[in-house]
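So that you can tell them apart, the chains are marked A, B, C and D in the order they are listed, and the count of residues begins at 1 in each.
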Amino acid sequence: MNGILVADMERCTGCKLCEIVCSVKKEWVSDPPRSRIRITIQRGGKNRLPTFCQHCEEPLCAAVCPVNAVRKDESTGLILLDRELCVGCRACVSACPLFGVGFDSVENKALRCDLCHGDPACVKYCEAGAIQYVDRDPFPTNKQRAAAKKLYSP
Amino acid sequence: MVTKEPYPLYSACILADYIADRIPRQRVFLRTAEDYARAGIELMLARPVLDWSPERHMLYFDDGALRYDRLVIATGSRPLIPPVPGIEKDGFVALKTLRDADLLRMAHGKNAVVVGTGPVGIEAAIALRHRGWSVSVVEMLDRVLPRLFDLPLANTLKNRLEKRGINIFLDEKVLEILGGTRVEGVQTDRRALPADVVVWVIGMRPELTLLNEGQLLLGASGGIAVDRHMQTTQEGVWACGDCVESEDLVSGCTGLFMLWHNARLQGRIAGANAAGAGKRYPGSVNITTINVFDEAAASVGTLASEVSPGERKVLHRRSPWGELYLVLKDTCLMGVQAVGRTERVGGLIGIMLQGKDLRKTLVRASSPADGPGLGILRNVRKDLLHLFG
Amino acid sequence: MNKFILVDPGKCIGCRSCALACSFEHDDEFNLSLTRISPLWMTEIGRFIPMTCQQCEEPLCLDVCPRKAISADKKTSAIVVDEDLCIGCRACFLVCPFGVPVIHRNKGYMIKCDLCGGSPQCVEECSQQALSTVESDDAALRKRREAAQKLQALTEKISEKAS
Amino acid sequence: MHMTLRRTAAFIDLGSVKIEVKEIPLSLRESYLGGRGIDIYLMYTMLKPDLDPWDPGNLLLIGAGILSGTPAPSAAGMIHVGGKLPLTGLAGSLSMGGFWGAELRFAGFDHLVITGKSSRPVYLWVHNREIEIRDAAPFWNADSLAVQDLIRDISDEENAQVMSVGKPGGDRGAPMDLRTDGEHCREAAELGMLMLSKNLKAVAVRGTLPVEIKNPDKALQHLAELIDLFRLSAAVTGISSSPEELMRTGERIVTLERLFDIREGFSLADDGLFAYRHRRLPEFSPLLKPALARYNEIHGWDMHGRPQPDTLKRLGLDGELHRLL
């Protein structure tokens, strides 16, 4: 399925297990700064915002990349990074409006979520179920359906 | 596709890495001749256009002419070189094209002087320093990267450069390039600096030598005036890239915003419209990121010096791992500069574009509907509200 | 006060002509996946409910958009999207409580109801008058009047039985 | 020694402002695992009997568990706080959630052993293998949540995890809350009082160093199945101990806590579900006695709650416990 990650801010408890699990799966070591998902804690503690690559349709990060290392995979619509080409200039990190791109200061490369090729670890291990891996197209109607039930059920 | 460059498309931003020998030369190229052939594009390299007749839809070279139905002008920009004596000497490089980068890459010597501290200048200085040259930088204004950073953050970056052995001379003008046929030094209004190579990067101007007087309407900033569809005032002629004037989405003013991603987005739109599509270019988000010795710095929006003193408010937060500098006009966010964690610059673009009254937004309780940008502001909420009084 | 499309699910028969009219108006093709109003079959309730944008007074989508692509149209006060600014990052969709913002399948920008510049085609196409364009205060008045009529019909029936 | 087994403990003496970092020997870790185990071991071996709990010599122990900062269920962030309880003089043991334990591990430490009393109000700032003792006078009387935000402001680190004590209620006044996060808090304020008795308002930690995992994919697989915590801990730490061994370690820890309490004059009369903390003798409800007898029996303790000699032998606690750390 041609899926994306969707975060539910209310459910997230800020336990950051996803950061640990993502870094273990990708880097073989538990190292949250090198995880592809980041939990940004807003002051006042209530809001914990899981941020990761939203795979935009018109990615700004692809535009600012000086070496074309960020490209949109037409078949799946995912925005993928070619790690060999990446020179670590961090233009994509600062251009992304949604904190979607991390930075690996050890290897000086950008860090992008590639949805673990369809089986995202963060979704599998999130105890609170705050991150879902959903199909891109029908998902909005499910949300509308839930809202409709709330609004109009007799 | 006609170009005076002898090479297919290469990335100008990455030349500094090539000069510093961090990447091999072929990594600079983004397209190969086969890419053009496969895309059905006839590539005419090293063919400078000498004259243009819009009425007859003709382009003239020194050895021939070319007729067109639709024309997209993407001539880009050329280095601004005022009439300083001695600029014709060997070793004087106005860094713009791959040929200039080759010159710097092959150059041998001990001392290098970089004139101008824009992003290209700073990256060239770092690249040469990386290869062991002793580098001095001369800047006319009072700070490095003057169009990107205000004094506080510019000084942070200046200290960082100086700590790595780059001597920086501010408020200094270059009067003359010294030496015989080869460059031997630079004479400024205060001192003479030894130099085997001079990298001249004080700024760029749109490359409009192709145009004769009055053929195309130019904007106030000197760039070609285009409408939202990147169309010029001439029928069937579009223009895009550094040679074009565009509108800054954040501040709303029009001007020359010669950035790589602006050129690419405008190119895609100008090309599509030339082929009959109806795409519109919304305007430029002028975010610039620069890597100063593997510490990133980024800036977007207006500088504090560009906001009128009465309405100007500034929040400067220093911490062990970086700095954040917010420029506000009363309670609206106008500009963000950051050293270290630069993702905060991108995160705040949305809020800047909204131009909302931050006092109202910050007083409201945080809710899941806030984007990441508001999270940054909430984390400096106390200082901001204090600033607003 | 924002104008918006008032939905009366009771009258909706699920013929989807509103969705077809909407996709034709905006994209010149009859394609249910490009509609800005989607009549949803609600199995648990056993009825169709058309769902579209509520044209909020303080739209969350407008606040969260990182490109200021969403704005309130001056003339029709509808919440509209600038296709060239939108980068399709779905932040609006995440915050909208009704899940209304949808990404256009092949054009990559967000699409939502913009009241067709003031005279929504879905309202005109709806044979059952299930949809109507109202100002929010008219809407309240209209609902109260409908409730009053139902109540009045009910009391008449009771008084007949009593007498 | 494999990286995952290298665990460090920082000994911080607030009085003489001396910080010493020692490595935790593997043998100690195999018999006492992580947080609570090593904390009670340190209490038992470092504290002289009948030491006045208010004496600066009392220990405040903060220990991350063996699985902290690794892909384990919420244990990834738990933290254990121990020390001789000021009111009852017994072995204090409290574990709190949030991400504090993991952050301590990412900062390169596993245990903080805080002794002595600071001359002025201070808080600890632990960051990537460095520990700073900073002034806490400006927010000494602030409540625990406000302290957390203030420390995050000063350090400009949104992700800093701060363990802070609430408003002090007089010299030995009302208990205060001790909290690691907005939600994760324990009203067990005795340890908060212990902290305040050392003039210590908060311990903040921020770490960005990696934590090694013995074999990552096995760890992830066990985490997914989540049926066998033993195999998960073996996959993460590389200590392949059988379930029985781990159970015996658990017994050892609880029995050592009981030994510590007995050494401090604890007797069966004090043993009651609630009296245990506050030495207020409850009227023994009829159910409590048999339950207590059963509890002691399971642990191999006699009917007065004192560990039997053979239990001590089985757990290796019979001889003199010499200090390994």
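Just so it is clear, a residue touches a chain if its C-beta (ideal position, glycine included) is under 8 Å from a C-beta of that chain, and two chains touch if they have at least 3 such contacts.
For clarity, every value in this text was computed on a predicted model and none was experimentally measured.
S.K.: From the centre of chain C, which chain's CA centre is farthest?
M.R.: Relative to chain C, the chain whose C-alpha centre sits farthest away is D.
S.K.: If you average the C-alpha positions per chain, which one ends up nearest the average over all of them?
M.R.: Answer for the innermost chain: A.
S.K.: What are the two chains with the top count of C-beta contact pairs?
M.R.: A-B
S.K.: How big is the gap, in whole Å, between where the Cα atoms of chain C centre and where those of chain D centre?
M.R.: So the centroids are 57 Å from each other.
S.K.: Provide the C-alpha centroid distance between chain A and chain D, rounded to the nearest whole angstrom.
M.R.: Once rounded, the distance between the two centres reads 35 Å.
S.K.: When the C-alpha atoms of chain A and chain C are each averaged to a single point, how far apart are the two points in Å?
M.R.: Using C-alpha averages as centres, the distance is 30 Å.
S.K.: Could you tell me which residues belong to chain A and also touch two or more other chains?
M.R.: In chain A, the residues touching two or more other chains are 40, 42-44, 46, 60, 97-98.
S.K.: Where in chain B do residues touch at least two different other chains?
M.R.: 285, 347, 349-350, 368, 370-371, 373, 379, in rising order.
S.K.: If a residue has to touch 2 or more other chains to count, which residues of chain D qualify?
M.R.: 152, 158
S.K.: Name the touching chain pairs, would you?
M.R.: A-B, A-C, A-D, B-C, B-D
S.K.: Please output the residues of chain B touching chain C within their complex, sorted ascending.
M.R.: Against chain C, the touching part of chain B is residues 249, 279-282, 285, 347, 349-350, 353-354, 356, 361, 368-371, 373.
S.K.: In their complex, what parts of chain C are in touch with chain B?
M.R.: My answer: residues 60, 62-68, 82-85, 91, 95.
S.K.: Across the complex, what residues on chain A touch chain D?
M.R.: Going by the criterion above, the answer is residues 13-17, 20-21, 23-25, 27-34, 40-46, 121, 124-125, 127.
S.K.: Within the complex, which stretch of chain B touches chain A?
M.R.: Answer in residue numbers: 11, 13-14, 17, 22-23, 27, 30, 260-261, 264-265, 285, 287, 289, 291, 294, 296, 298, 338, 342-343, 345-347, 349-350, 365-368, 370-375, 378-379, 381.
S.K.: What part of chain C is in contact with chain A in the complex they form?
M.R.: Against chain A, chain C makes touches at 7, 9, 33, 38, 40, 42, 44-45, 49, 51, 66-67, 86-91, 93-94, 97-103, 105, 108-109.
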